[in-house]
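By written order: A, B, C and D. Residues from 1 in each chain.
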Amino acid sequence: MGFVRANRTGLAVALAVVVAAYVAYAVDGTLTSSLLGFAWSFAVPLVLAALVGVLGERSGVINIGIEGQMLGSAFVAFFAAALSGSMLLGALAGMGTGLLLGAFLAWTTVKWRMDQIIAGVVLNIVATGLTSFFYVQGFTLPQVMPSIEVPLLSSIPLFGPVFFTGGPFSLFAIVAVLVIWFGLFHTRWGLRTRAVGEHPHAADTAGVDVVRLRLLNVTLAGLLAGAAGAYLSMEASSTFERGFTAGRGFLALAIMIFGAWHPGKAMLAALFFGLMSGAAAQLQASRVVDIPEQFVNLLPYVLTLVVLAVAAGRVRPPAAAGEPFVKGDA
Amino acid sequence: MNDTSTTDRPGPSPAGPPREQGATSPENRRGVLDVLARFQGVLVPIVALLVAFAIGAALIRLQGVNPAFAYTTLFRDALLTESGLLRTLQKATPLILSGLAVVIGLRVGLFNIGAQGQLLWGAIGAAYVGVHLAGAPAVVILPAALLAGIACGAVWAGIAGLLKAYRGVHEVISTIMLNSVAAGVIDWLVSFPLKEPGQSIPRSSAIDPAAELSNLGFVPVGFVVALALAGLIAWILRRTTAGFRFDTVGANRDAAHYAGIRIPLVVTAAMCASGALAGLGGAIETLGVVGRYETGSSAGLGFDGITIALLARANPLATIPAALLVGVLRSGAAGLQFETGIQPEVVDVLLAVTLLLVSIPVLARVLFGRRARDGVSLTSGWGS
Amino acid sequence: MTERLLQLRGVTKHYGPVRANHDISLHVDRGEVVALLGENGAGKSTLVKQIFGLVTPDAGEIVVKGDTRPISGPSDAIARGIGMVHQHFQLVPVMTVTENIVLGHEPISGGRVDLPAARARVQELSDRYGLAVDPDAEIADLPVGTQQRVEILKALSRDVDLLILDEPTAVLTPQETDELLRVMRELAESGTSVVFITHKLREVLAAADRVYVLRGGQQVGEVATADVDEAGLAELMVGRSVVLRVEKDPAAPGEEVLAVEGLHVADDRGLPAVADLSLSVRAGEIVGLAGVEGNGQRELVEAIAGMRRPTGGRIHLRGDGTTQGGASGAVGEVDLTRARPDRARAAGVGHVPEDRERHGLVGSFSIADNLVLNRFTHRLFARRGVRNRAAIDDNATRLREQFDIRSAGIHTRAGALSGGNKQKIVVARELSARPRLLMAAQPTRGVDVGSIEFIHSQVVAARDAGAGVLLVSAELDEVLSLSDRVLVIHDGHIVAEVDPATIDRAEIGRLMAGGRRDAQALADEWGAGGEKQGPAH
Amino acid sequence: MKLARTTAALSGVVLAATLAACGGSTGNPNAGGGGGATGGAAPAGDCSSAEVFCVGMVTDMGSVDDKSFNQSAWEGIEAAAKQSGAQTKYIQTTDTKDYASNLKQFTDKKYDVIVTVGYVMAEATTTAATANPQTKFIGVDQAQAKVTDNVAGLVFPEDQAGYSAGYLAGLMTKTNKVAQVLGMQIPPVEKYAKGFEAGAKAANSTSNVSIVYHPAGDNAFSDPVWGANAAKQQLAQGADVVFGAGGKTGNGALGEVAKAKGAGTSTYCIGVDTDQWLTVPEAHPCLVTSATKLISKGTSELIMQAKDGKMKGGDFTGDVGLAPFHDFDAKLPPDVKTKVGAVVKGLSDGSIKTGVTLG
């Protein structure tokens, strides 16, 4: 019950969203489920990428290189699968690449204390350069990603087909949200991670190995970025293109902030962005009103700016995010 | 005070606590490495470039082409023909300006990722004036178009500046958002209200010929403007009170507050200046190269500014060689492909490797050990 | 009976050319309280950080219970039974008391942190040591005294044999200090050794069994408190007989320079820090502000300096301009209530900020630039927005000479200098503007003895030249010896004005703790605490 | 010690560079050229000489193997080269501002025919053509509003291809809902889209055709993930035939339909431009056909005309049609095939009009 008390607002919002969704579902079932479906497909990579940001910043490392991590992973996942003929190998290679790029960010920023934002930007530029150069056309995945139906859950009306039926990475995203949510707020790892992100010296003097925990978290977060990348090239589509991630890594940062550095709220924020984008497409398709689709698509960005401007001071980032940790510097 | 006696002044005794000695007394320096270490700001990028070229050579070799020939071709095509040189300088111009835009931000501790959006606004602002003031004499329309570009960029960046200064919204996030908003709004502008009549792709009408920025032989006027601005900004940062304000806010915000510097004002001004430079870059693209606003014609130039600024280590004058390097590589890439079939993306690899080596502290440490200076450092945290 | 818990042999730590610790040897036995005494900058903090594994020694040996392995980090130190209460609290503000205390050794049940068990443990510790805390309170909401209790409980929760406290009394009222000293003695009696750092002689004599004195990074003396008195300790600490009083002539106060009326100022969190405060400073006098840190001093000074906007009241700078013909040039009465720092400065306010690293200097700038940091737009140093580098350098050369700033040259980075020299830069800059009002906040914190005397003499010289001086210091001795008049601040109010020449320490301590002079009953109630001075046995 | 390390590091770099440089002794300055050093069967020669017939191509933004118009045009050039023994080469454009300078690479070397691909390159092509009257230019997708003697604009009635595809879709749909997932709103795409809609309505007047263009400007043709999402959304709303027309974005839509339940039995997709059965294998489960414009054929024909000196300025209308049904040949009802065949024939002989106009 402590959980309910601690997350009262969040739960209220979630409940309201669920109720609203079912009301909409009752009014127009196909439209609602198609919109929600669009929103969720759109949101999956953003949720995963936002979790990358959450993990990093909760431990005190700003990750602006998510875009590059996703791009590199999407590239490797696709080509590993195409060349080896094994989807599994591709997925693993993609996530492995994410891990590697996570480790790059971890070591440059945590070990060598390079400026975190610059390290992230460099990561993006390097990933873009390398994937552009080595990209070759004409490869295809050996098969399509299998779709999995989670027993019982997938038969829930509206939500079942949308959230609990899908490729492994979509389901993984849900699991990742729940695991990280629970982990951050209820486990030893989470308590220490949050301490490290808020006040690394306090954690250090309490015997927590700040450097190791940051290295671990930022590197493991890379795994999620790898999953996001692999989702894009193997599950959401079956191809890779230059500049394939199209700014999703940056959008994820907005979602992370929108979601107040909280896994569950980030997921809601990502779904909201997805709904906006879906609505933009829907407005075109159903030709109801003639709003230029550009404007509908802008809405999430403008809204983020407004929220940030209005809620400044109320949405508070982890205090140590961005600051390199120097031992004994208390 | 003309004291000729040799008695010690009261106070400092030679055997005073050791911390009294300056941490970097020049007498301690010895050896070639120490001398070289003093020039590491120049040496590190050069070595980085050499390493990048070596890696590039290996890639080129893998494709069955003689790297020496490839590089010769690339540089010949970019520098030794008049049209190649013109193209190189045209490419370098917006890069210098967007690089300067990012540099200005870095000096105040702001990371302007939004140069892209500001540059687009500059480009379309200049195009609007260049089209709608058609018929006006060049002395009116050209400055007006340039100013429009500058103003559009400054206003767009100013939004991020105000949000940062008065609402504490981190500029990295706000400028990412503003980039997307700019792209959408401008796309709509050239798809509807500013679209060239009878044209079916999203682009503006051609600007009035009087608004065109010409070339002096193989030197674009815009390039001269960019050079002058790099010099001007270097001078402003080093020699003026405005520059001192910028650097103080960037180095120590609390001390700046104590010193009576109005931080919100400086932050907003810096963002506006940054956006003005990016906007000017866009305006010069419109007036000097493209001749209209065309979707996609300025893709990525603002983001390149980040590369330039980091290569230049936040030094305004160093944006010139950095931008020229990128300009040469991009401009020579076509000739390279024509002669050897090497993909132009090899240039991206060269730049990425160079940037990586310049930015991460490893290279400097390998070269200079403990004498290595830290890289550029800027913002901390998302807060205010 | 005397188990040797800790033994240091030849511990040495250098930072570049700075010898923070040099060849230090000492030991701590079980059940004793050992004080590390020394002035700011003597190397005490560095030494204990090495014992706790936060800093690695360059040379020497730290032996814990006979184990000579080097201490690899705080977790290693904790594992060997060492706990530490840090000078700057190492608490995560957004977490609860319980979370902070169990951080690093969380009880786990079924994969999750067992918060009920943790809460019970905190309650049990709290009861056992008589340190009352609410286990569920968030740290950010707690007053400093309570936060320190949490720090101590956090250390004790690890079953420590040796508890290190780094400057634990700096933020406490005298009464809280006594409470802490009592806890330290109790711990020692129950077999936990205590090492505490201080530069306050009375605390050493009150609580410690033995004392090591550090000076300039070296261990210069070891004495049992039973064998020594305050004067002896002081001499050991500074290396010569201390001038207890600053040499100065009696003040010749002129007209009022600063008038503060009914001032209200909020702190960073928006809570009232200064409430309905009035004070006045006259030309040619030094007014000392005595108080425990965190009672509104910082907010008051920042409000006068224009760095913080008051929420109510008025700040006026008066004077006809004849007492000071300074470069500031402003004449007559100026309302500074809503002035920004630049205008306050132009009106004649000089401000030596309490945190010079944060506010007073830009470490990456040269000495020359720092010497004009808040005057860079002055017509001497800039014309039409262009900086006059020759004038800036001349100014630096002159002030470096005059204020004895020891550096390789005027273009040396200020951040590379020692604390004393940094402070001299700040003082030189502020005095060279010839202010009508000089506010000096903690002017000698972290400054070596030689520089302290120099800075004190400069402050007195400024007074003698006709400036009004508002001195804020956490060092009661400094306030009492330097000031002509002392105001006591508590909880954002001025609670009393006293004469530094006649005031009794116990009395002022009581006032600082919020006791009122005229309320005899109250005074009696607090009296026990106030009288508990000198050796405790 | 430090110095030694530095020297070692530096010399390592230099060594690597030297090795790389010297190792390339087989590097032949003239071996490069088109198609990754496989350009043309003919030995390298001087394009300015009358005997050597040289064909160059400048791509639109994007690479020569883009499974789309750049690739088709290049295949046309290769085909023509095989026939005529021409020497071929291409340059890939990475910056829209480089069109002119990329063209200049070819004009400087006196290439005989230069193919430029894409609507946006029309102006640069005309300018280069005016400056080099003896060189022939072929502009793919470039309608010639004003005739320039040495420029042939290869244009296609995309609306007709779209119409045929739409007609097929109209016959196939069971839900009466068909959808189009499109790239940027530019003339060729718009003609496909309007033709498709007209065709669908002609086949089935009750059918509902939804149209979704990619929203953003920069990556409208290279955002397969968005394409897939948009297709998914339309499928969920009951669309059972999806026309993906927008480069990679459209391909993404095709791939998504291929994954859908009932792909190939109750849900279908239709590709665009080239026979996407060959270029987008992941779409096989649903790909009935593609609305094609025969860029390769048109390019190759124009090159041969140019070689024979018969190429005329102005528009040259290329062929459009439907790609083979491949595996669906057996699955499609015979009457559907017959009806669609009749429509294709009617369009090409002019007896059926699409009624599509732009603007």
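Here are a few things to note about the model shown:
The rule is simple: a contact is a pair of C-beta atoms (placed from the backbone, for glycine too) under 8 Å apart; a residue touches a chain by one contact, two chains touch by 3 or more.
A quick note: this is a predicted structure, and the numbers were derived from the prediction, not measured.
The chains in contact with chain B and with chain C alike are A.
Of the two chain pairs considered here, A-B and A-D, the higher C-beta contact count falls to A-B. Chain centres here are Cα means. That of chain C falls 74 Å from that of chain D. Rounded to a whole number, the gap between the C-alpha centres of chain A and chain B is 30 angstrom. Note on chain placement: the centre of chain A and the centre of chain D lie 34 Å apart, centres being C-alpha means. Distance between chain A and chain C, defined via averaged C-alpha coordinates, is recorded as 45 Å. Shared interface positions of chain B, defined as residues touching 2 or more other chains, are 184, 187, 191, 343, 345. Chain contacts: chain C has no residue touching two or more partner chains.
Residue positions of chain A touching 2 or more other chains: 242, 294, 297, 319.
The full set of touching chain pairs reads A-B, A-C, A-D, B-C, B-D. On chain D, the positions that touch chain B within their shared complex are 2-3, 5-6, 9-10, 13-14, 16-17, 20-29, 31-37, 39, 61, 63, 89, 91-92, 94-98, 101-102, 104-105, 119-120, 184-187, 190, 215-218, 358-359. Note for the complex: chain A touches chain C at residues 2, 182, 186-188, 190-192, 194-195, 198-199, 201-209, 319, 327-328, 330.
Touching chain C in their complex are the following residues of chain B: 9, 11-12, 16-26, 239-242, 244, 247-248, 251-252, 254-255, 257-262. Residues 30-31, 33-35, 37-38, 41-42, 45, 136-138, 140-141, 144-145, 147, 232, 236-239, 241-244, 246, 277-278, 280-282, 284-287, 293-294, 296-297 of chain A are the ones touching chain D in the complex.
Those residues of chain A whose C-beta lies close enough to touch chain B in the complex are 57, 62, 64, 108, 112-115, 117-119, 121-122, 125-126, 128-130, 132-133, 135, 242, 247, 250-251, 253-254, 257, 292, 294-295, 297-298, 301-302, 304-305, 308-309, 312-313, 316-317, 319-323.
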